[in-house]
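Each structure below appears as C-alpha cells.
Common to both upcoming complexes is chain A, partnered first by chain B, then by chain C.
Let's look at the complex of A and B:
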C-alpha cells in the first residue's frame, strides 16, 4: 500500500512539473507583452522597460521558469501583474465560491443522473427509459451559457425566485448549480444505466432473484453497490474538473470563482495567475484520481492496489 | 488610449463636485447645479425631455440611501498613480481630489483642490492656492505636500506609473528625481500648507488638463507608509466625496460617504455598491428589475437590449447620451514593403469604406467621421477642405488604385482585437475593400496581442481607437502621429518632418484660436498623407432609473455619483 502511494505521488509530481513547464512556455509563446499590458499604451518605453526589469521579464526564459519554481516550492505563487495582489489571496478569495458551485452542481448532477440511470436500467427499452434518456441527452446538448441565460431570464427576472447572478448565499447558488447539474446529469444517467444493466446480468443477481429476494432489495442492496462504482470514478474526476474552473457558468452568472479568474488572467496575460490556476486545476485532477483509486479498494475489495 | 485604457478616455479627472466647488462654495445645492448642467449641456444631454424631467420633478435633493451599479469588469488599480482605466476612474474620481477638474458637462477647467491659481507670464510657473479646509477621510489635513507626494510617486521607479511621461521632463527636476540622482523634485515647492508652486521646463498650454487626471491627486503619505504601496492599490484613502468601505476583487466594491468631505451636504448618497458583472444581458435585466441605478460609463447596454429599450415607452425617456471624445480608425502603416506605402492607395482605402454602414452596425451609437480630431476637440473643422474630405466613393477609389498601379488590387493583412463588435466592423470593412479589388486578411487577436502587434507595427493595417486623456488636440495629433511616437502610439508609422516641427510649435503655444488653427492645419496635412482612415466617433448612452436624480453625462468625467440622490420609489 505504502509503495503504491509513494509511486503514485512520484508520478503526480512529474505530471505537475510537466504541466508547469508547458503552461509557462505557452504563456510566452503567445504574442503580447505583460509589461505593456500593465502600464498601458501611454507609458514611455523607459517605464515599460523598468516594469519588465522589476518583474524579471528581461531574464532568459529558463531563468524565469526556475525562479518561478523556486518561489513555488517556498509556497509563493507570486503577485498578480494585473491586480497587484498576491496570487494566493486572489485564489483563496474565489476558491470557496468555486468549491460551493462545484459541489452544488455535482449534487444536482447526481440528483438527476442517478434516478434517471436507475429508471433507464430498470425499465430498459421501455417508454420511461426512452423518456429519461431523451431528457438527459437534451439537457447535455444545451449550451450552458444559453441555459444559464434562460434560467436568469425566466426564473430570476420574471419570477423573482432567485437573484440575477452574483454571490451572497445559497439563493445565489441555486441557478448556476442547476445549470451545471442539468448539463452534466446525462453522464451519470448513461454510466449508471450501463453499469446497472451489466450488474443485472451477473450470476449473483440471478441467484438472489432465484432465491426470492425482493426486487427492491436486489436492486439497491446487491446491484446498486457495484453498479455505482463507475459513477464514483467519474464523480471524482468530475468534481476536480469543476473545481478547476467552470468558466462559462461563472461568467454567465457573474459568479466570482477561480474559472472566471483564469479567464480574466488569460485575457490580461497575467502569467502568475495563469500558472497558478492551471496548476491548481492539475493538482485537483491528480489528487482526485489518486483518491478515487484508493476509494476503489474500499468499495470493491476485489480490486487490489498492486 | 486604446480599448482597455478606454479610459483615459472619456475622462480626465476627478470629479467633481464641482458643482459646489465652482460656486466657491460649499453650497449644499450641488445636486441642483448638476441637474442644471446635465440638462443644458450641449454634449451630455438627456435624449428626451422626459429624462430632463427626471430631475426637474424634484425640488429638494434628499440625503441618504444606497444605490447599486454594475461594473463590466473588475478594477485593475485603485492607486491613483497606477489607475488608467475608466472603470478604475469611476471609483477614483470619488475618492481623490486633484487640484483642478471640469465644470459638469463641459471641457472647461474648474477649481477643485485648488480654489485658484496664478500662471507666470512665461507660462512656466504655476502657483496653486489650495482649499484650507480639505481633509482626508481619516481626518488628516490635505496640504501642498500631499500633492507633491503624489507627483513623486508618479515619478518613482518603484511605482512605475503610466503617467510618468506626462510630467517628466516637463516639471523642473523630474528627470533627476526619476533617475534617482535627486531626492526631491526641484520644480515642486510647498509654501506653507496651502500653496503649491510648480515650475515647468517649458510652457505647456494643456498642463491644467494633465493635472485634472486622477494621477495627480492629493495622497496621505503617512497612511501609505503605514500599509505599503501594494496594499494601497486596494485600500485607497483620499479626500474625495466618498471613501472605500470594502473591496472584494472580482465581486464587489463598496463606497460610503466621506464624513470629512469639504463640501457640506455632498455627497447625498450614503453608499454606492459597485458589483462586478461582465454579463451585459444580466446587467440589463438587473436594471429592468430595478436592482441597479443606472448603466452608464460603468458598463454598456447590451446591443439587443439597447434597441428594445430605446423603442420601449417604459424606458425610452430614461436615456442620456454623450458624444465621446474619441476616434476609431484604421492605421495604415506608411513604411512597410506593401502597396499601403503608396499614398494613392491609402487615399483609395479612405474612399472605399462605407462608414455609415459601420454606424448602423453599432445601432447608431456612433457618428461617422473623416477627421482625426473628434468634434468636441479644439481644432476640429466643421468643414474639411475638399482635397482631404474623403467621402465614400468606391468608383473614385478604384480609379485611384489604378492610378497607383494596382488595377487588379492586392492582398493585405489587417489586425484588430477579437472583440465581437470589432469583428463585425472589420468584416464590413473587408467586404467594402473587396469591392475595389483589395483582399483583406483579418487577424483578430486577444487584446494583449493586438496591443503588442500594433506597437510593433507588425501588420500593414490595424483597426484601432483612441480616447482622449484630456481635451486638447495635443493628445490626438502629437501623441498618435508625431514621428517620435513610432514604437509607442504612432501605429501608422507616420513620420513627416514638417508635421513634427509644427506639432512641437503648437505644443508650447498659448491656448487660443491661433494654436487651434495650427492644429487644424496640421490635421489637414496629415489627412492629405492619409496614414489613417478615420471611421467614427463613438456615442455613449446611459440609462438611468427615474428615481435617480441629479444625473448628467460629461465629455471628460465619469458618472457624477457625488451629485446623485434618490427619490422615494
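Let's look at the complex of A and C:
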C-alpha cells in the first residue's frame, strides 16, 4: 500500500512538471506582451522595459521557468500582474467555490445518469428506455451557455426560486450545478445502461435468480455494484471535463470561482495566475483519480492497490 | 413396475420449449417426458445442443422471456408452469435448486462467499443472522471446504474452480431441496477434482434423500451415479431406461452409437461424436431426427416420426426398429 502511494505520487509529480512546462510554453507562444499589458497602451517604451526587467521577463525562457519552479517549491505562487495581489490569496478565496460547484455538478450528473441508466437497462427497448435515452441525449446536446441563461432567466429571474448568480450558500449552487450536471448526465446514463445490461446476462445473476431472489434484490444487491464499476472508472476522466465546464458555467452565473479567475487571467495574459490555475486543476484531477482508484479497489475485491 | 403418481417427485409431461426468433418460433425441445421418484438419481444425456440445459432451466422457471414453454412440469403434483413469479421464487433454491457448468462465473465476484451461500437462506428460511452464519459454516464443512470460517470471508477469485463448485453445491443444499439439478457440474473441472465433486454429490444425496437430476455428456458418470437415464437427441427423448439396460441392452441406434464411441466405461472419456451432425433447430428432418446419421435407417424413418414406446417395462425407445411399421432388417 505504501509502495503504491509512493509510486502514484511519483507519477503525479512527473505529470505536474510536464503540465507546468507545457503551460509555461503556451503562455509565451501566444501573441501579446505581458509587460505591455501591465503598464497599459500609453506607457513609454522605457517603462515597459523597466517592468520587463523587474519581472525577469527579459531572461531566457528556461531561466524564467526554473525561477518560477524554484519559487513554487517554496510555496510561492508569485503575484498577479493584474492587481498585484499574491496569487495564492486570489486562488484561496475561490478554490472552495469551484470545488463545491464541480462536486455539485458531479452529484447532479450521477443523480440523473444512474437512475436513467438503470431504467434504460431494466426496461431495455421499451418505451421508458427510449424516453429516458432521448432526455439524456437531449440534455447533452444543449449548449451549457444557453441552458444556464435559460435557467437564470426563467427559474431565477422570473420565478425567484434561486439567486441569479454569485455565491452565498447551497441555493447559489443549485442552478450552476444543475446546468453542469444536465449536460454531463448522458455519459453516465449510457455507461450504466450498457454495463447493467452486460451484468444482467452474467451467470451469477442466473445463480441469484435460481436461489429465488426477487428482481429488486437481484438488481440492487447482485447486479448494481458490478454495473457501477465502469462508471467509477469514468468518473476519473469526467473530473477534467467537469473542470472544463466549470470555466464556462462560472462566467454564465457570475460565480466567483477559479474558473472565472482563469478566464480573466488568460484575457490579461496574467502568467502567474494562469500557471497557478492550470496547476491547481491538474492537482485536482490527479487527486480525484487517486480517490477513484481507491474507490475502485473498495468496490471490486479483485482489484488490489499494488 | 411403473412409477405410481404418489411416488413421483417430478413429473414432466409433453414439455415443449420454443424460442422466438426473427422467423417465428423455433422449437428447441419437443414432447419431453420425464419422471423422478424421491431420492432417485436420473441421468440426462445427449450431445451438445440437444436441449438438456433448456429443459432444466424450464424446471427452474429460469428461461428468458423470449421462450415459450408448453406442457406440464409438476413437483409433488403442483404444476410449476402455471405458478406466478412470486410463487415460483418460493420454489427456487428451496424445493428445487440447481448447480451449473461454470463454477468460475456462477458466483458473484464482488460478494463474499458467506454472503452468497446465505442468500437462499435469507430468501426461504427465517433465521437470525447468528443462526444463518452458523448454518453457512455448517454447509461449507458439509461440502468439504477446509476452514469454513475463513472461506466465508473470502471472495470467489480467491478459490479454485473445484472449491467454487463446492461453494455452489453448498448454496444449492442450503434449504435442503427435494430436487437438485446438476447441469454438467464437472465438465469445467480437472479430472481428479471431477471425481471428488461427484463423490460429494453422491454423499450429499445419500445423506439428504433428495433426488438428483444429473445432466452430463459423460456415460461413465451416468454408470456410477444414476439408476435411470434419459437419452435426448435433437430436442426429443429417444430412449429412457434403467442404467443397466443402457449398457447391456441399448435399443436406440443413437444410444448404441454413444456407447460404441466409448471404449472403456471405467476410463470416463467424453463422448466421441457419432459421424454427422445434429440437425439445426430450424431444419429438423420430417421423420426420425436421427435418420440422416443412422446406419440402420429405413424408408419410413425419413418420412414419419417414431413414437416413444415401451419395449420392456420401464424401458422406452423411440425408433421404428422397435415398433410396428418398421421392418426389422
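One rule holds in what follows: the second predicted complex is superposed on the first by the 295 of 306 C-alpha atoms of A that agree within 3 Å, B and C clash if a C-alpha of one lies under 4 Å from a C-alpha of the other, contacts with A are read in each partner's own complex, and residues count from 1 in each chain.
FYI, a residue touches a chain if its C-beta (ideal position, glycine included) is under 8 Å from a C-beta of that chain, and two chains touch if they have at least 3 such contacts.
Note that this is a predicted model, so its numbers are computed, not measured.
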Three-chain arrangement built on chain A, chain B and chain C clash or fit: fit
Partner chain(s) touched by A:138 [first = chain B, second = chain C, both, neither]: neither
Per-residue contact with chain A, leading partner among chain C and chain B: B
Touching partner for A:130 - first (chain B), second (chain C), both, neither: neither
First (chain B), second (chain C), both or neither touched by A:146: neither
Touching partner for A:161 - first (chain B), second (chain C), both, neither: neither
Touched partner set for A:225, first chain B, second chain C, both or neither: second
Chain A as apex of chain B and chain C, Cα-centre angle in degrees (nearest 10): 160
Chain B versus chain C as contact partner of A:37, first or second or both or neither: first
First (chain B), second (chain C), both or neither touched by A:84: first
Overlay on chain A, chain C to chain B nearest C-alpha distance, Å: 48
Contacts on chain A seen with chain B and repeated with chain C across the two complexes: none
List of chain B residues in touch with chain A within their complex: 1-2, 4-5, 8, 73-74, 76-77, 79, 82, 84-85, 157-158, 160-166, 230, 233-234, 248-252, 275-279, 281-282, 285-286, 288-289, 291, 445-449, 451-453, 455, 469, 479, 487-489
Contact footprint of chain A on chain C as seen in their complex: 60, 62, 86, 89-94, 97-98, 100, 102, 105-111, 116, 119-120, 123-124, 155, 157, 168, 171
Contacting residues of chain A [partner chain B, same complex]: 30-34, 36-47, 50-51, 54, 79, 82-85, 90, 93-94, 149, 152-153, 156-157, 160, 164-167, 251-254, 256, 260-261, 264, 266-269
Footprint of chain C on chain A - complex, ascending: 202-204, 206-214, 221-222, 225-226, 299-302
